[in-house]
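In this document, chain identifiers A, B, C and D correspond to the written order of the chains, with residue numbering beginning at 1 in each.
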Amino acid sequence: AELVVGFSQIGSESGWRAAETTLTKQQAEQRGIDLKFADAQQKQENQIKAIRSFIAQGVNAILVAPVVATGWDEVLQEAKDAEIPVILLDRTVDASDDLYLTAVTSDLVHEGNVAGKWLADTVAGKPCNVVELQGTTGSSPAIDRKKGFEQALSGHDNLKIVRSQTGDFTRTKGKEVMESFLKAEGGGKNICALYAHNDDMAVGAIQAIKEAGLKPGKDILVVSIDAVPDIFQAMAAGEANATVELTPNMAGPAFDALAAYLKDGKAPAKWIQTESKLYTQADDPMKVYEEKKGLGY
Amino acid sequence: MQASSDNILSAVRIDKGFPGTKALDKVDFHLQRGEVHALLGENGAGKSTLIKCLTGAYRRDGGSILLDGVEVDPRDTFEAQRLGIGTVYQEVNLLPNLSVAENLFLGRQPRRFGVVDIRAMNRKARELLSEYELELDVTRALASYSVAIQQVVAIARAVDLSGKVLILDEPTASLDAHEVAMLFRIVRRLKARGLGIIFITHFLEQVYEISDRITVLRNGRLVGTRNTADLDRRDLIAMMIGRELAAEIHAVQAAAAEGGEPRYRFRNYGRRGRIDPFDLDVRAGEVVGIAGLLGSGRTETAEVLFGAHRADSGTAEIDGRRVELSSPRAAIRQKFGFCPEDRKTAGIVGDLSVRENIVLALQASRGWTRPISRTEQNRLADLYIRALDIRTADREKPIKLLSGGNQQKAILARWLATEPEFLILDEPTRGIDVGAHAEIVRLIESLREKGMSLIVISSEIEELVAYSTRIIVLRDRAHVAELGGERITAHQIVEAIAATNERRAS
Amino acid sequence: MTSIVRIYLARLLPQLIALAAILIAISMTFPGFLNLEIQNGRLYGSLIDILNRGAPVVLLAIGMTVVIATKGIDLSVGAVMAICGAIAASSITSGHSLFETILITIAVGILCGIWNGILVAVLDIQPIIATLVLMVAGRGIAQLVTEGAILTFNDAGLIFIGSGSFAGLPMPVVVWLVFGVLVALLVRQSALGMLIEAIGINRQASTLSGVLTPVLLIAAYMLSGLCAAIAGIIAAADIRGADANNAGLWLELDAILAVVVGGTSLLGGRFSIAASVLGAIIIQAINTGILLSGFPPEFNLIIKAAIIVFILVLQSPRFRTAFAFLAVPRRAAKTTEQEAK
Amino acid sequence: MNKKYLPLTATILIFVLSYALCAAQYPNILSTRVIGNLLTDNAFLGVAAVGMTFVILSGGIDLSVGSVIAFTGVFLAVVLEHTSMHPLAAFALVLAITTLFGVLMGMIIHYLEMPAFIVTLAGMFLARGMAFVLSIDSIPIKHPFYGTLKGFYYKLPGGGRITLIGGLMLLVFAVGILIAHRTRFGTNVYALGGGTATAKLMGVPVASTTIKIYALSGLLAGLSGIVFSLYTSAGYSLAAVGVELDAITAVVIGGTLLTGGSGFVAGTLVGIFIQGLIQTYITFDGSLSSWWTKILIGALLFAFILLQKGIIHLSRDARQHA
């Protein structure tokens, strides 16, 4: 019989998330897997409910993109008791690793780190005031990308984070917060770089910078994370400088691992890390844009 | 006056002001043990306010209250209840969503093992109400009963709460003769037990029937306290309104309507479950009175005629032309008007000013795109405030702050402003003082003389006799008799109600 | 005329005081706050940011005020914003002219309002729940239109509505100013305002007086839908893309808050559009102030809560009466003295 | 039958019907596992919804519950991580805090005469803000006592379980029903919903009742937070966003009027089950995209309300013609 896999997705809060969903469905279709999709509307309790329902239905495997790291032990144990392998997508959990088959994720701290390194290398010792647009307060990407970035900056005394505020991962808030940063820092004259926890906020902030009469990408360097198509357009226009890719195709490696496991019981590595690739203006942004724009971002 | 030892409740120099009004100005009031003390005055004289100050519903600005010679200061009505003061406030003040039994025993439900003993409570409630000849399902929500029944429940509750003092603020406004007689029997019994009873009403017959002493307020001031036996009716009215009243209700027979074709013709008109189909003809310049016992379907008749409840059988014709009275709006388009009985929930728009309440129906019928100019609104409001003698500080006062009787007049003004040709009045004189009462009766007559057709529902048979050219008697949601011409006398009406009663019984 | 102005001022006084207090508080912590300069032919500065960023909530609050006056509430405005933003973006990218796009979008917003209105007025569903249906489903509809992605566009005309300027003011400010004045005029120069208040205070009495209750109720929700549509266009134009996932998210709460800060009772009845607009500006001033203050974001909510409680306490009837007593203690004391003698 | 039970009966009827419909399509829905999950997964929501029912019955509303749940979780996690306090003591402490929080909101609502909607909205900001200040990280709770508590469950035949928290929710409902219908406080709650001014004239202690109502809601939100922390073994400041709306929806689907004064605590339980059923159905279906999920939830919500209206309307008419 064909393979039935349940997929508990966090929700649809961003274009990146939509792309992940699209790709997961595509990948499942290519492999002839019957994917049961459940959108949790950003709520952990809904994810737990969904996993329990999957167990009750008796699916063959479960994919989860956990909304938060904690609180999974019990339900994962239930899945294990029911002998249903669970694979974590794009974020890991705070649970014993024998409760799941494998985790296909990128390293969020590493992403921040890559962005920070790029900035440190780019300014090369010149003094530089950085403003930071954080993700949703309390969300793990916001915490980890901040941490990684700060790690990369430590030791570079010329780089200083002067303002850091949440932009909720959205364009609108990114723009609004950037406007106030610009006002607060002498009309933007004191700002040399912007670090945004995702591209959407960066795109919003770029507009704010332009409206303030400055040139994003030149007067203020812009580095962000995710590598969604729109940031490549901005890079092509010289308005953004760098982005760190978070691939939305987590499901491909996950299905591969699952297939191998089901075929001959070969347990994959506990962590399949996706690449955190850095793109800059030098990487032919328009070409990447064309590649990416059909992926449901 | 010094508080004598016989006084069970004394109020000394009570002051109470509202923004823009001095509702009570150093009012003294002494209630003796074992007396029924009528508290009288025009609408807005301050009667209800005094009651509310005595029972802690309002904080008074000054003065003191003595209960049994001891100074008390009830901070809220709960405390007043504990002190043994039971009160029926003006307008039914019970909770429509609670069951009858819960309303009766709110705050003192019988308990067993720490939880409310619902069965005992319902039993006690039934016992309590049986004294009032009410056989109700006490578990049903109060809202499912008529205003009159709610009133009786409110009285039963207050009586049950009153260890020392019972206060009744216009308890009889929505009761008919039968219920009133029953209430008086109970009041007499309590009086014999030594309670002090304060009784507020606008029915002077009732005052003379039941009260021992009378205190009159006017414009928030004490006019005086007299023994009922020593005060004749004319003097009492003079005390209340500060002048002689030309005539109360002139009990003259209204001119019988000239023949002529009826303008309004309802055939087989009715609505299932509410009012049995009836035929009704009304001529121009005619007042059709509707009489009946409580719950006989008078209000339902009015509501069906006005389209508030759509008729599901029969036809309506005006001047021989078929009309659909499917909604109040449709009725208003045919120049109908309707003053509802329950002014608090169906009449006033509380937070709007007196002016806005008066122009509301006219504005609604003109549609929102054609606003009545402010000057015109002011003119209309002033006109009717003067014409109906509405007592208000100014026309911009929110109507909910007016006294009950004055609210009623403002609603009447709302309809008069639309210049209706067919006006339905459901208990128009309820809660209205003698002076205003006479004015409204006069108004009804003058409207009739101008050629308007009126339907008037009233529990006051005397009043119906005074202005009706014809009377319909209702019973059990059906029109059962019609009296006209010579036959319109109080006696005949009572007979008609009773006769149909017997016929049903047999 | 002057007396009307005075009545107006008296009504708006608490809001004006609150706004002034907040602006002063911000400018004390952040000195450059009140600076205004002309840049690229338009006013530029934090004060303008407040007016500009406040545009969506101001617009939503205008519609919300009328709905609340009818004793209703409209939880769906955030979702309707998202729907309309998505419709606008997809219409403009599929080649419709700006005029057509705006027309279609506004029609969709009004349609959403009619849906809510019918649920409330005809099916007699409680407003919170009736509009909750569209609040939940509406965001789904918006995402359906954009397929969960941010639908970007480059139409200069549409972008102009979001970030252009007119007479030195940002377009969103111009839009809400003009729209607010229009609605206020419409409501107060016709009998609409009074009839709506009457419905909100006593629906039964109003119906019995011949007020066309269902139609007016539906109209109120239509207005709210219209406001949400305009807010949706502005929000999309601002970021040059329709973000169905996040546009207007939780803004319904801000709009309700604005109405209440503006002093309109949630129980329906008396309302003031101007006061609600001020309320929305107050809320945006708080938000902008927090951003300028440089506190870590963990504190945003606490600061906001504290300021809101403070403003509401100042406005509460109890506090005002207590204040009135403090203002006239002398006379009161005198009368009691006299009485003692 | 008494007219006031009509909405409740309608709700139960609808639930049974739709459960049968779902089971016809997916027989697995009848398994004890699904039934057990229905209890366990909705336990925290149910507990909070009982408090919400009281608040709504009194004519108020409490928007702070979701945030209070998050605060409770974070507080417990922080306390258990950084101190050696026993979880039971921590439970008592946090319940005291959330109850006090409710008391404060009740006092502001009553004494300052401010609308509950706004006061509790500010409370919602405040509670979540406090959670952020305590910690923005999600903190696992590893205390062995949590494991012990989770070990208490009753195994149903067929693999389902009645867990401690599921049982606790049923208990809270039972107590809630008792309080609502068999205590003077309960009647006072209904009285407030019938009209504060009138209730006051009838001698209902409005101040203390209002404060007690919000205290109860705070207490139950705290309890719900404990349940949630047991459910996830963690504290997280972003948890339980929007739970207040779910609770309000459950209360209203359960037949309680938002205007106050009419409704049943038991109805809320059915409301919770109906919502749980919608979720379960959608997961079992598993073919819906994110957006269609939202649209379907909205549509089903609408359908339930409409059905309820219809049933009530029909039976009213029937009785009138009888």
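Rule of thumb we're sticking to: a residue touches a chain if its C-beta (ideal position, glycine included) is under 8 Å from a C-beta of that chain, and two chains touch if they have at least 3 such contacts.
Computed from a predicted structure; not experimentally measured.
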item	value
Mutual neighbours - chains that touch chain B and chain C alike	D
Chain whose average C-alpha position is farthest from chain C's own	B
Pair joined by the larger number of C-beta contacts - A-D, A-C	A-D
Centroid spacing, where centroids are CA-atom means, of chain A and chain C in whole angstrom	34
Between chain D and chain B, distance of the C-alpha-averaged centres to the nearest whole Å	44
Averaged-CA centre spacing for the pair chain B and chain A, given as whole angstrom	71
Multi-partner residues of chain C (each touching 2 or more other chains)	143, 147-148, 297-298, 300
Per-residue multi-chain contacts in chain B, two or more chains	none
Residues of chain A touching at least two other chains	12, 18, 21, 137
Interchain contacts, given as pairs of chains that touch	A-C, A-D, B-C, B-D, C-D
Residues on chain D engaged by chain B in the complex (per definition of touch)	2-4, 178, 181-184, 186-188, 190-191, 193-195, 198-205, 261-262, 320-321
Of all residues in chain B, those that touch chain D in their complex	57, 76-78, 80-81, 87, 89, 93-98, 102-103, 106-107, 109, 111, 114-116, 118, 139-141, 144, 272-273
Contacting residues of chain A [partner chain D, same complex]	6, 9, 11-12, 18, 21, 35-39, 41-46, 48-50, 52-58, 68-74, 94, 136-140, 143
Touch list for chain C against partner chain A, complex	30, 32, 39-40, 44-46, 49, 53, 143, 147-150, 152, 163, 235, 238-241, 243, 245-247, 288, 291-292, 294, 296-298, 300
Touching residues on chain D, where the partner in the complex is chain A	26, 28, 31, 33-34, 37, 40-41, 44-45, 132, 136-140, 150, 228, 231-242, 276, 279-280, 282-284, 286-291, 293-294
